[in-house]
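Below you'll find the structures, each written out as structure tokens.
Two complexes, one shared chain (subunit A), two partners (subunit B, subunit C).
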Partner chain A sequence: MRLFTARRARFIALCLLPGVVFVTLFTYYPMIRGTIIAFQRYNLFDITSTPFVGLENFRAVLSEERFWTALRNTGTWVVVSLFFQFFLGFGLALLLRRHFRGRGLYQAWVFFPWAMSGFLIGLLWRWMFNGQFGVINDLLLKTGLIDQRIGFLATPGWAMTSVIVANIWYGVTFFAIMIMAALQSVPKELYEAADVDGASRLRQFWHVTLPHIRPTLALIVLLRIIWILNFPDLIYSMTGGGPAGSTDIITTFLIQQVIGGDYGRAGAVGLLILGLLLSFSVFYLNATRFEKSR
Partner chain B sequence: MRRIGNAAKVVVLGVWLLITLFPLYWIVVTSLKPKPEIFSMPLRYWPGNVTFEHYEELFSFADFGAYLLNSLLVSLVAAGVVTAIGVLGGYTLARFAFPGRGALMLAFLVTQMIPLFIALGPLYLLMSDLDLLNRLAGLMLVYVAMLVPFSTIIMRGFYERVPVALEEAAQVDGASRLVAMVRVVIPVMLPGIAATFIFAFVQCWNELFLAITFIDSEDAKTIPVAMNSFITQYDIDWGSMAAATVISVLPTLVLFAAIRRYIVEGLTAGAVKG
Partner chain C sequence: MRTPLLAAAAAATLLLAGCGSGSSSPGEVRLRMIESLTSPERTKLIKTLLKDFEKANPGIKVELISPPLDSADQKITQILQTKKDLDVLEVRDHTAKSFSNNGWLAELPTTEWPGWSDLTELAQKKAVEVGGKAYLIPYGFYERTIFYRTDWGMTQPPATWQELYEAGKKMTSGDRFGYSFRGGKGGADYAVMMVSAYNGEALNPEKSFFLKDKRTIFSTPEAAQAMDLYVKIFKEASPPDSVSWGFPEMVQGFTAGVTGMLIQDPEVIKTVQESGMTAWATAPIPKGPSGYAFQPVGYAGWGATSFTAHPKEAVKLVQFLSEAKQSIAFAKGNSLIPISKQAQSDPQFSQGAWKAYLQAQQDPKQVITIRPVDYPGWSQFLVDSDRDVQALITGKKTTAEVLKSWDAFWTDQAKKVS
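Up next, the complex of A and B:
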């Protein structure tokens, strides 16, 4: 790596300039403006006066029942999705760890949901979960697991289950591939040494593999938590947050505020999400580091 | 024992493959069924009378061809600009130590953690101030901004795998830095550059929320915006919707299959190295 000298400053600046300009103008500037708007009364349909109102938007949001429902739903959405994505993904990663004929092809096929947008995945599953003509109802009837059709997306409890099932379907493979990469980062010598010591497969997994990949796993899990929380796309097209707000998560709630034109409240919700994510990340990173050093 | 293990492994992998692929199969089958067959019981698991009427409908009634062209234009241009910016920015981040480099990397990484739609409202105001609402150019600008951090970070990773000695040799032979970069480094990185371009293309192709916020007029609609407007609360024309899904997912499937290895490599390397 070369050191910084005045001669190279111009070259560096020119190379970085376009990227910095774009990100400043279209990412950081709107974020800062949104932060300011969160403390203003700012409704798109009446922008003749936008006075500062202090914490009024936060108070209004926090006193809305729908916000708290969305917050609780976010917890369910993240925890249940993550749980299944993690363990199914881990299992798949272990099966895919060793090379076998056709592994590349297999990965390519099971990876494909990741090429789809959340919007399309939502549509796909909305069709399959359809209460009348949905294939899932049909399959469950045929196998005798149910004796009459279920209105999956029209019943509050079932709707949440349905969006989570779709989310698990979407996320498992990506989790699997991240974990597979982590597994392959374990030095082979460690296993050879363990073999010499006569350690069984299970003991090797517990005492060699797990400790070695734990920091990576902790990071992947954190990234996925943030990501699942920020993934309104699937819910948006699958249920639109319904029925009766039962599949609203905090980010679909935010989008409803934006669509409703109340940018003041949308800003407040945005800041609340940000605060939530930041405090959770700090707490989580501390907790996992503690775990590691123990 | 081992044989039983292997058989179990094959079964589990097979079941997962089936679960992954079935929804795709189902949407293709639905798109090929005549309307009465879509909405009749018992369900048919393969199309009895294959028809392309839903596809024809899309292009005759819904002007889907125009939406396709819009999406194609926006995605190609945005992905091209994003990749070019990534090629330049990634190079300096990988090859030079300069004040503020760490801060810049952090500023880019942070945008990846915070979803852009927290800034959705203010972005709308900005687009309106710049008179860019309902224009494909406006969409391109925001998509570029959205993807620049990713392309820069991933290009930096690719550059770091190219030995510095390679370009130094070219410079010793009298080539300028720029010439060395273009002639020696870029060719080695072509697969990575292609992967970045395709990834950016797919992201733009799929993007929904920014597009539905900024685009309202019929002649600037992209595919996701158009499909979103097909949805009404209680009624969806599932035949057309299935056909539209198949059309919009086909290019991304092909492209993604082509670069899967690089994307996985890039993303996992990023995660594993932290």
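Up next, the complex of A and C:
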């Protein structure tokens, strides 16, 4: 019996080994390396000399006005994108839950953006929002909604709106998929019992559906916040963070440090992002746990 | 239990080994080559040249890696940092210094190679620009000219930036604009070009961000004049949307009939020809008030890595691509100024739109400069200056603020290098 248990443990360890190796190689090693670099003068121009500089990179980053602008923009980018993605995704999930002809096809069509790369989406929307040649300006002009072209990506306010619109288009599908899956897990008996009690559709939604899917919602909102914050691809390919830094978020700021060749500063920005996300996650998970125990 | 695991491990090892360079079959050498300025047509052309190389050198196979344009240089850098599995690579003017500094490039032999004497003087000069050693052989040059419409009421091309502004303003009405402004990535380059022209004779062409008296070109009253005019060209002669235009948009603006003038590299000649536009011509870039125009010659070329397992074959490939037949085909295919002396007798490079380059070469006041791409802050400046330019034209920063920060940056860089 003991032999069997030991063999089983060895077998499990062997099965886990590739996973452990990959996670160590591709997650922990870069993380540790990045952390070390954040405390070094590590300029790509000459990486043969990389002395330890203490907190110098952090000091340099935190004293840059651009960093704080990017941080403020990150707030707008995450909150507005999340708000619309969540509510539109919820609405879509409720619609798709119903049975109708061609539902599968429609679902596939709706989920299609999720299969595309952020960079490609950025390029697509960049041309659609183009002030001179873009289809959006053409449509608005032809329908008479505007009488002159709008520089969507050329005007700071419009540029942020444009990248958020593209992000909403992309992210709605994630919420729709996840919420639809959660909705399907609600037992039918609960609705039948609510029907017997004479509860209206709204009351059923409020007292049956919502409490049942709340843990899933809490988790996907957290995941999505982290993903949106870590999603510079779309902004980078749409505006490059411009005009004049008006669409820069903290992760596009990081990319600029990398392109500038200053890996030390980039490492420092990376660690600051990690700290920010960890603090937020701890706070959020505590808050939602409180909600659950209440 | 043990046997399948061992078999799987062995299979994985073989698979990984197969992905790298080395001999894939007995006697066969496999070279890995990476390009940087990728585009589908260009990749196709390089593949044709590589096939010719393989035919001429049985036993050598070349695998070409073509990363997406926007991230290609980062990808190349990452591969170089690992010092593995790369034999030949595209080296650009602004990556040559850092790549050689880090010991990633091999010095190419030039004396025993007959093709060396066929290279133009400019090509030979640029090949050894970094530390006097040939770390790359250029494959062609990018030099800018003005592209202008001849059917929008302009009788002759603008000879100065002031004339460009005035002509552009005249052309601007409704949905039509005078100038294809570049406000997005690479936009600061045009501002620097104007500032250089306005500094005139005082500028040091060998270190073109500095004057002969060692101050930076951004510290003079002439620089402020140039920047003020630069803003006026944007506000009064360019599409408002061009604040975010990069290379594709500015070319599209010209070929789609939105703008009447464009300043760009020769590779655009092919695009304009293919667009169906007929009424257009080219001219040398505009000058400043003192009659000078300055611009660097952009270039890139082929180099070999210092850690290649097949140095002989890698050098052979670089030399093959740099020989007259191949390099002229590549320059033609990409509309580049060629590196081979033999191309001078080729009618393509002395007629039509190409005439402007010859004109510029014959004018002593159209000066080729060397930008401080070998200074440690060069890459950072490229990122920061583009943002500053956008801040300037959108009114978030003043000319004085931008010039002051650029002056401070390059004064500091000069201290670091000296």
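Heads up, the rule we're going with is that the second predicted complex is superposed on the first by the 272 of 294 C-alpha atoms of A that agree within 3 Å, B and C clash if a C-alpha of one lies under 4 Å from a C-alpha of the other, contacts with A are read in each partner's own complex, and residues count from 1 in each chain.
Quick note on the criterion: a contact is a pair of C-beta atoms (placed from the backbone, for glycine too) under 8 Å apart; a residue touches a chain by one contact, two chains touch by 3 or more.
What you see is a predicted model; the values in this text were computed from it and never measured.
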Ask   = Quick one: subunit B and subunit C on subunit A, clash or fit?
value = clash
Key: Which partner, subunit B or subunit C, touches more subunit A residues   = B
Ask   = Is A:F45 contacted by the first partner subunit B, the second partner subunit C, both or neither?
value = second
Task = Name the contact category of A:R149: first (subunit B only), second (subunit C only), both, or neither.
result = second
Query = In the superposed arrangement, which partner chain does A:G245 touch: subunit B (first), subunit C (second), both, or neither?
reply = second
Task = Classify the contacts of A:S185 with the two partner chains as first (subunit B alone), second (subunit C alone), both, or neither.
result = first
Partner chain in contact with A:V258 - subunit B first, subunit C second, else both or neither = both
Request  = Would you check which partner chain A:F22 touches, where first means subunit B only, second means subunit C only, and both and neither mean what they say?
outcome  = first
Query = In the superposed arrangement, what residues of subunit A touch both subunit B and subunit C?
reply = 11, 14, 44, 119, 130, 132-133, 237, 240, 258
Query = Considering the complex alone, what residue numbers of subunit B touch subunit A?
reply = 9, 12-13, 16-17, 19-21, 23-24, 26-27, 30, 38-39, 41-43, 85-86, 88-89, 91-93, 95-99, 104, 107-108, 111, 113-126, 141-142, 144-146, 148-149, 152, 164, 177, 202, 206-209, 213, 224, 227-228, 231, 233, 236, 238, 241-242, 245, 248-249, 252-253, 255-257, 260-261, 264, 267-269, 271-272, 274
Touching residues (chain side subunit C, partner subunit A) in the complex = 1, 5, 68, 70, 74, 77, 81, 97-98, 101-103, 175, 183-185, 239-244, 246, 249, 252-253, 256, 258, 376, 378-380, 382-384, 386-387, 390-391, 394, 396-397
Note = The subunit A residues in contact with subunit C across the complex are 11, 14, 43-48, 66, 119, 130-133, 149, 151, 153-156, 159, 237, 239-245, 256, 258-262
Query = Which of the residues in subunit A end up touching subunit B in this complex?
reply = 1-4, 8-9, 11-12, 14-16, 18-20, 22-23, 25-31, 33-34, 37, 44, 91-92, 95-96, 104, 106-120, 123-128, 130, 132-133, 135, 138, 169, 172-173, 177-178, 181-182, 185, 215-216, 219-220, 223, 226, 230, 232-233, 236-237, 240, 251, 254-255, 258, 263, 266-267, 270, 273-274, 277
